[in-house]
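Per-chain numbering from 1; labels A, B and C assigned in written order.
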Amino acid sequence: MDNPFFINKGPFKISKILSLLDASNDIVKDNIDINDITDLMSAKENDITFFHSKKYNEIAKKTKASFCITTSNLKAELAETCKPIVVNNVLVATAKLTEKFYPNSVNDFFDDTCSIINETKFKDKIKYGKNVLVGNNVSVGANCTIGHNTIIEQNVSIGDNCSIGSNVILKNVIIKENVKILDSSVIGKHGFGFFPNNTKNLRYPHIGLVIIEENCEIGCGSTIDRGSMSNTVIGKNTFLDNQIHIAHNVKIGENSIIAGQVGIAGSTIIGRNVKIGGQAGISGHLKIGNNVDIAGGSGVIKDIPDNSKVMGYPAKSLREFLRENR
Amino acid sequence: MDNPFFINKGPFKISKILSLLDASNDIVKDNIDINDITDLMSAKENDITFFHSKKYNEIAKKTKASFCITTSNLKAELAETCKPIVVNNVLVATAKLTEKFYPNSVNDFFDDTCSIINETKFKDKIKYGKNVLVGNNVSVGANCTIGHNTIIEQNVSIGDNCSIGSNVILKNVIIKENVKILDSSVIGKHGFGFFPNNTKNLRYPHIGLVIIEENCEIGCGSTIDRGSMSNTVIGKNTFLDNQIHIAHNVKIGENSIIAGQVGIAGSTIIGRNVKIGGQAGISGHLKIGNNVDIAGGSGVIKDIPDNSKVMGYPAKSLREFLRENR
Amino acid sequence: MDNPFFINKGPFKISKILSLLDASNDIVKDNIDINDITDLMSAKENDITFFHSKKYNEIAKKTKASFCITTSNLKAELAETCKPIVVNNVLVATAKLTEKFYPNSVNDFFDDTCSIINETKFKDKIKYGKNVLVGNNVSVGANCTIGHNTIIEQNVSIGDNCSIGSNVILKNVIIKENVKILDSSVIGKHGFGFFPNNTKNLRYPHIGLVIIEENCEIGCGSTIDRGSMSNTVIGKNTFLDNQIHIAHNVKIGENSIIAGQVGIAGSTIIGRNVKIGGQAGISGHLKIGNNVDIAGGSGVIKDIPDNSKVMGYPAKSLREFLRENR
């Protein structure tokens, strides 16, 4: 994965990887270098991948990865060129190995490369407030403004004509042209993803980014978490009001309008031209179609087809909801 | 409108205004100066106003404005002294012209007049923390305290005996005596008002303020947006808990109590002695009476008369809700 | 109470206390020193306590306090060694007297003992960002990191291996080992507790702390209020997502998982291994058992026994909810 934020520390010898995963060494003939860990579809020769659910059978048959972390039940489905590494818990093993390749994707310590902006190359190039901090290798386009006390961590990229408010924190995010990020938002921290464990939970590495497309507005006090394996994406010309929470891997289409205090749980995909009323909540791993209207306060717990209007908790057809609640 | 925050850049010649709105020039005999744009009721001779719904027919008949942005259906209702300017979309045209009169009411860039407080006249006058920033023409009363990293933008006025927390952002707000604003609140940004447009939404100018009356408390991480044409008002001795969102043009009466994470949508008017439980949401453009109790978690979607107790989503009589949910 | 944050300004003569409470002086023979004000159970000889509800009859019979603020109806239940002080409103009188003993527990002004961290003893001991502020008598363990612009007020204690984000505000909190506090959280302000009053509400003193046990994570933009008489506690290895609000006196057991935008009202006690879905709300003064699952968006308004799964508003058995909402 070509990713400016999380540097791949590989390659690692397959023998080292097997030992890290407490897996049998029998499968290895040549102690080859493994270049990267990624999903079944993206993996190339000399990469390692993972396969934990039969719903990916078809993709598993075609993966180009040389190795795959999987279970004894699933291993028969893999492409012939891909050797299975059988473990008890595929996702835990994958997290462990992802952290090996991308060690800085877990802990989210503050960015110690940050300098006061007037000691950087931006000094005379953009308009900024007091106490603005920027990390290494940040890029900021033409005609941007950056408010007081804002922190822009390393490798963040901001397009032309953007306006970033005060007290904002940006990390692991790519912001396109003409975007407004309002005061006190926090964008790009890792998602709320971990394996519960009775004495010390195991955090999941998050190597995805946040991508905010052209012409968006993100309201005050909002939080947008970066993705774990994929990215969190806010589509073009989509406006978010204040105090919204967007979890990891969520993708929102263009021209959508999301009112205050809405929350969208992890990995949900939302279409374009979607309107979501204030305080509505959307569960994780759902698919919301295009041109959908979700009334304020709704709780959405299943997929919604294109062109629907819904309301209620759980959300149902608006017409049905209003009839039942006359 | 006498408004310290948004400076009227007028007057403008009526010919220039007609050209900006792509309207016919036929109606003009004298190319007079137009002083201001405001609502039907407040407008004076040589002002321009707007009229987009027949529910304002009675006021339209009496407006003193010299010109009015309206539709061909409505124009006959106007006072004889008021010349109609017919456009396709009254609100879009009004937004465009309001931006012409008040150009700094749309973009909310950070306040570049801010200085570190110990380089200002406040140096020895009030008690303040580290890194406090104040803009031009700020006024702060006697016996106030201002926490670390707080930003007070230009023209903000704070009464006597107020305590402002740390990491607070204040803009376009008038704060009366004995108010507490707790940490990390953001007060006075523009509301979430714009005209959706498929490639680039058109932001609505917000020339209203936030007014926070005597003895109020505003909790941590809350956001209160300023009004578009009118003000957002928090009445005397009203207390707001943490993480509350108050949208533009909302008015809350005195002695009200609003618990954590409540959200109130735009232009809703709330009476006095109102109690709102945690996480309740109230839709926009509603009227909530005096002495109303709204239970936590409720979703209010219609007006509520004085002295009612409601609960549920949609909110109904508390008695009925409890009977149905035994 | 042995409390580094709120210093007991006592002892005070009982005659002074009676006069403050507008209570009759008749009951005093010796004008003794009163050392402290605390609850019926914790009070010792020469302390004063309060008793306002018959549900505490059994404890009242055994209190060791020398004096008790109570009503004429309840006073007969008190231990013989404890003299009643009869008032109209027990809680208001208790608040008034608590403020006398602990005057800095009411107003939460910013901490004016804070210095820039690189002018303190922490300069070469821990890793920190720009503009970090620390108050008097703060302690920070080994191997901690503290992000930019973060404020750590006086007497706060942080254990080893903690990571504190940027723009965080910590006050009146004890943080154990290996805890992560993410960006823009505000921890330890007073709770939303006061006596409504038609011209000026009377704030309740909050002399409790926040205690965050080992291995916890607190998400971005969350607020955790300190307790009034008791503490607010987050149990070991409990993870909170972004934008969560935890009110005063709440106690959460270990190994719990709380998703984004959840709100928990004052004095509710939550067991261990509890999972709470996004945007759920829990009313105050409830008891939630161990191993409870509360679905996202639920509104919990009564106690929940161990090992239950609930959903809905008001929350009911998950099975029942799903059957009714097919």
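Operating definition for what follows: a contact is a pair of C-beta atoms (placed from the backbone, for glycine too) under 8 Å apart; a residue touches a chain by one contact, two chains touch by 3 or more.
Bear in mind that the values here come from a model prediction, so they are computed numbers and not experimental data.
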item	value
Copies chain B and chain C touch via same or different residues, half shared test	different
Inter-copy rotation, chain A to chain C, in degrees (Cα atoms; steps of 5)	120
Computed distance of Cα centres, chain C from chain B, in Å	35
Residue numbers of chain B (touch at least two other chains)	131, 149, 167, 184, 221, 243, 261, 279, 313
Chain B - residues contacting chain C, complex	127, 129-131, 145-149, 163, 165-167, 178, 182-184, 215, 217, 219-221, 236-237, 239, 241-243, 255, 257, 259-261, 277-279, 296-297, 312-313, 325
Chain B partner contacts - residues on chain C that touch it in the complex	107-112, 114, 116, 131, 133, 149, 151, 167, 169, 184, 186, 189, 192, 194, 196-201, 221, 223, 225, 243, 245, 247, 261, 263, 265, 279, 281, 283, 299, 301, 313-314
